[in-house]
Amino acid sequence: MNLTLKIWRQQNSKAQGEFVEYKVTDVSEDISFLEMLDVLNEDLIERGEDPVAFDSDCREGICGACSIVVNGIPHGHQSGTTVCQLHMRHFDDSQKIVVEPFRAKPFPIIKDLVIDRSAMDRVIQAGGFISVGTNQFAEANAIPVPKDVAESAMDAASCIGCGACVAVCKNASAMLFVAAKVSHLNLLPQGKPEKDRRVTNMIRTMDAEGFGNCTNIGACETACPKGVSLDFIAQMNRDYAKAIIKGQLLNASQTAAQETK
Amino acid sequence: MKLDAKTPSGPLDQKWSRFLLEMKLVSPANKRKLDVIVVGAGLAGASASASLGELGYNVKCFCFHDSPRRAHSISAQGGINAAKNYANDGDSVYRLFYDTIKGGDFRSREANVYRLAEVSSNIIDQCVAQGVPFAREYGGLLANRSFGGAQVSRTFYARGQTGQQLLIGAYQALARQIDQGTVEMHPRTEMLDLVVIDGRAAGIVVRNLVTGEITSHSADAVVLATGGYGNVFYLSTNARGCNATAIFRAYKKGAAFANPCFTQIHPTCIPVSGDQQSKLTLMSESLRNDGRIWVPRKKGDSRAATDIPEDERDYYLERKYPSFGNLAPRDISSRAAKEVCDEGRGVGPTGKGVYLDFADSINRLGADVVKERYGNLFEMYERITGEDAYKTPMRIYPASHYTMGGLWVDYLLMSNVPGLFVIGEANYSDHGANRLGASALMQGLADGYFVLPNTIGHYLAETKPQKIQSSHPEFKNAEDATASRIHGILQTNGTRSPYSFHRQLGKLVWEKCGMARSESTLKEALELIPKLRAEFDRDLRVPGTASEFNQTLEHALRVEEYFELAELMCRDALMRAESCGAHFREEFQTPDGEAFRDDENFSYVAAWEYQGRSKPPALHKEQLEYEEVEMTQRSYK
Amino acid sequence: MNILFALYKSSVGKKYIVAATGFLLFIFLIGHLLGNLQIYMGAEKLNAYAHFLQTKPLLIWASRAGLLLIALVHVTTTIKLALENKAARPVGYEVSKAPYAPLTARSILVSGIIIGLFVVYHILHFTSVTFNPEFSDLRAAHNVYGMVVAGFSNTYVSAFYIISMVLLFMHLRHGISSFFQTFGMNNKTYRTTIERLAVVAAGLVFLGNISIPLVVLLGFIK
């Protein structure tokens, strides 16, 4: 296959970026989109040009490192697939492909298609865990967890933290990502004790990082390579409402105010 | 070099509890004053950082990823073993221990393996408490399955994403410590050298991958949790970023490298499609529970799989190993696949593949049950190959997957360099010459949660290492040496990318020191590798500068280490004139083609000491003494 | 007030505010529609209803003030949300092909703005009769029936009303289901039901509202 690529190039976070067109020739249709970019890069390196920077690691759709928008869709047009698993057989020969990084204010560009997603880590650090230390556990079977609850928690926990939900959302909202983590932990009996605290703290951090607001559109659910459901956003909204009724929102903002003092 | 395993005395099943009783403790007030560096944030690194942070140490954790949640532990699919005996099928700590020792073909240290089996149950308890959503039965209790040749059901799993869920659990524990300020996280930072001062590990030199800045970090102890070196084969199931730099730099600074030739080849990977491929994808071994492996009886049979009648198919694993059949251990099934492909009976466009057929299971269980069990794997297969495995059999072929070898460690998981600890896949300790399925996750978490946090405290309390600041001249020297290495790479200005060298080296190592090795292939490799290295030094091309985000430079620095590592692997494989576990020397096989182990001469751990680039490494041996188990020839017939 | 302030500071809190005020406006809308539908019961009935309202200044002004406040909160909170959304993506995409997402959802802001403009027009049209001074006499005589007939006899006016009601339908279609989603009363079991409920409720409001200009235009009511 021969392709024309229009790729976003940006030297560093401060530089002005621009689109540059490249031609790639003799691409096997059995390789992945990222392997196609590898082919381009090797060619660029051998010509002494700066190769296109992009993040990737596992290349089997689970690490969540890739952050590429292909022809206007994060991870490309094949549903339930990360861009590392998107194979070239799904493109037409001589097709023109526009390649951009995930774009959102909380995801500053580091170089070309590489972005900084540490905002997502900070949201997890605000409460995306169960406060249990090493060796502080009960026998694993001491607390039975209904199968459907465990399955639902697993559905939420399958989030790979790639940020495609933010990238596709017209508001750059991170609600699906945050909701997946809140729901995963709030559903399980082990996560219940700090349920209210978790949801308020994580939402506060999400807001502080500058993500947009959810307008219940659902594009995130469609773009999510792991099919994380919009239902988890509803669940998080519910958990948040319950926390507010219990006074958690006020408590949390007062604690936060005290901490800053 | 002295290799003292420091195994506690006493009966095998009491060694660890005795160690815990007798170990020295660091007082809480002193822990605050102790700095520990952890390199790597996978299962072992994240769990260790979190546990050490909780204990009160000052922890700095480094990873080259943009977030600790991306480490390659995330890709493990199948599950994690634990001797819980929930299935009531006769499992016990001893049985898990014995299976692991036997699976490793009696080339691992008894006491370490026993401890691993002992703490395995705690891991499950710990992970459940952290919210890992393991599979459950309708009664709400944890589900188990049998996995990778085990005759008991002791594997816990979370769909086909067990590694992901366990890593996220550890990542969350780590996130909590970062929030509490006990762990300082350094993402997008790669360790480029180890600094040894007065004979102990004093810190590391790192490069900030975004700015290119090179800095030093000193500590009272350094923990390497940087994973295996399987990417030396270029095409492997390892992630793109997996590399051996940290452990290999440590080796060059005096840490012994143990059993480098023990590299595991996983039997069920998706075959190579062509030259532009960057990695191989593993299909969970659990597929072998219900899939049947076969090739055509006839050589070069080009008919479609479904057109080949039953009596013209060779279900070679069932034929050769009637009691284990398709569930024969990894090394055995990998080799059997290579054998039939070498005979010219391989399938697929490259002839390097065998069928994994689900037709019988679909008939017996129904497509729905098969879909429920393996649906996500079938989808993954279709995404990659474009073929529907419900209709035509999957094609699989072995690929490099895990490295049992690694830095030598004692019972405390400390290398021969005092203060340098090595955990997870980066050390050699628990899997001998072959690792059993669902044991890697177990080892990573056992080391990180339960072993290291205790042993490191014992070391620190006992030795009370003297504080060394990163302003010490040795750090400056190491920084300068690193900078000049980088300068050298950027200055070469040849014609070839680091990827092309990596690909060429990987192919060479795969062919000469892969699934099967022989004296002649290894000697050949030892001739060819230095030549390729010389070409690398001469003809490499890395565009860009050192003071920016430069992925080609990152890769070049990693590839640079692989040449000597590949040599070391070949040297070790050549020295080990026997076949054991994943190490199969063609000259040493039984008349019916099985591995022929030589316990008399090779019942030891081969630990290699670096002697400089111009001199071959020195071999040191740790004799393996088996107090409990009797060494037997493995038989899966 | 602390809790309201805290709510207003949080993204999800603001969504609650928009959803709650939206719900109240929807209740008003239904009341308003039911009042208007009395047109089918004859001029006397409708005019008597209008007269009844007009003679209760306290009730009417209190409701107007309340409605205005609710509408203002609904609008200003939405504007705040929209500005934040805009700021969350300073650099847009070269190509943007969002995967399937319903038009009603994506256009909620636009439909809201047009409805807002419509409401202003509607008040000027029938309440303050700014555009049609000739309604003054009818208004003074509490002849709402006459005003409606006169007003909707103009094809352009009716067309504008009907178009606005299409947008209102779109706005309600997403708004009603969003209400359930935002307050967390949604999951896969109820999702389809809620979506259908939203279509039916928004549809009934739409049909009820457009029926009046339509029957006037078609001459069924004179």
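Read from first to last, the chains carry the letters A, B and C; within each, the first residue is number 1.
Everything below uses one rule, namely that contacts are C-beta pairs under 8 Å (C-beta built on N, C-alpha and C of every residue); 3 or more make two chains touch, one makes a residue touch a chain.
Quick caveat, the model's predicted, so the values are computed rather than measured.
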Check: With subunit A excluded from consideration and all other chains held fixed, what connected components does the contact network retain?
Finding: B | C
Item checked: Innermost chain, where centres are averages of C-alpha coordinates -> A
Note to self: If you average the CA coordinates per chain, which chain's centre is most distant from that of subunit A?
What the structure shows: C
Notebook entry, point to check: Cα centroid separation between subunit A and subunit B, in whole Å?
Noted result: 27
Note to self: On a C-alpha centroid basis, what's the spacing between subunit B and subunit C, in Å?
What the structure shows: 63
Note to self: Roughly how far is subunit A from subunit C, centre to centre by C-alpha average, rounded to an integer in Å?
What the structure shows: 36
Item checked: Of all residues in subunit A, those that touch subunit B in their complex -> 11-12, 27-28, 30-32, 34-36, 38-39, 41-42, 44-46, 48-51, 53, 55-65, 78, 80-81, 85, 87, 89, 110-111, 114, 116-118, 120-121, 124-126, 128-141, 143-147, 150-151, 153-154, 157-158, 160-161, 184-185, 188, 190-191
Checklist line | subunit B to subunit A touching residues, read off their complex | finding: 47, 50-51, 54, 65-72, 74-75, 84, 86, 121-122, 124-131, 133-142, 158-159, 161, 163-165, 168, 171-173, 175-176, 178-179, 185, 187, 210, 239-241, 273-279, 281-282, 379-380, 383-386, 449-450, 453, 495-497, 499-500, 541-544, 548-549, 551-552
Margin query: Considering only the defined contacts, which subunit A positions touch subunit C in the complex?
Written below: 6, 8, 19, 69, 71-73, 77, 79, 98, 100, 103-106, 168, 170-173, 203-204, 206-207, 210-219, 222-223, 229-231, 233-241, 244, 249-250, 253
Next item on the list: Please give the residue numbers of subunit C that touch subunit A in the complex, ascending.
Entry: 2-3, 6-7, 9-16, 81, 84-85, 87-102, 105-106, 108-109, 174, 177-178, 180-188, 191
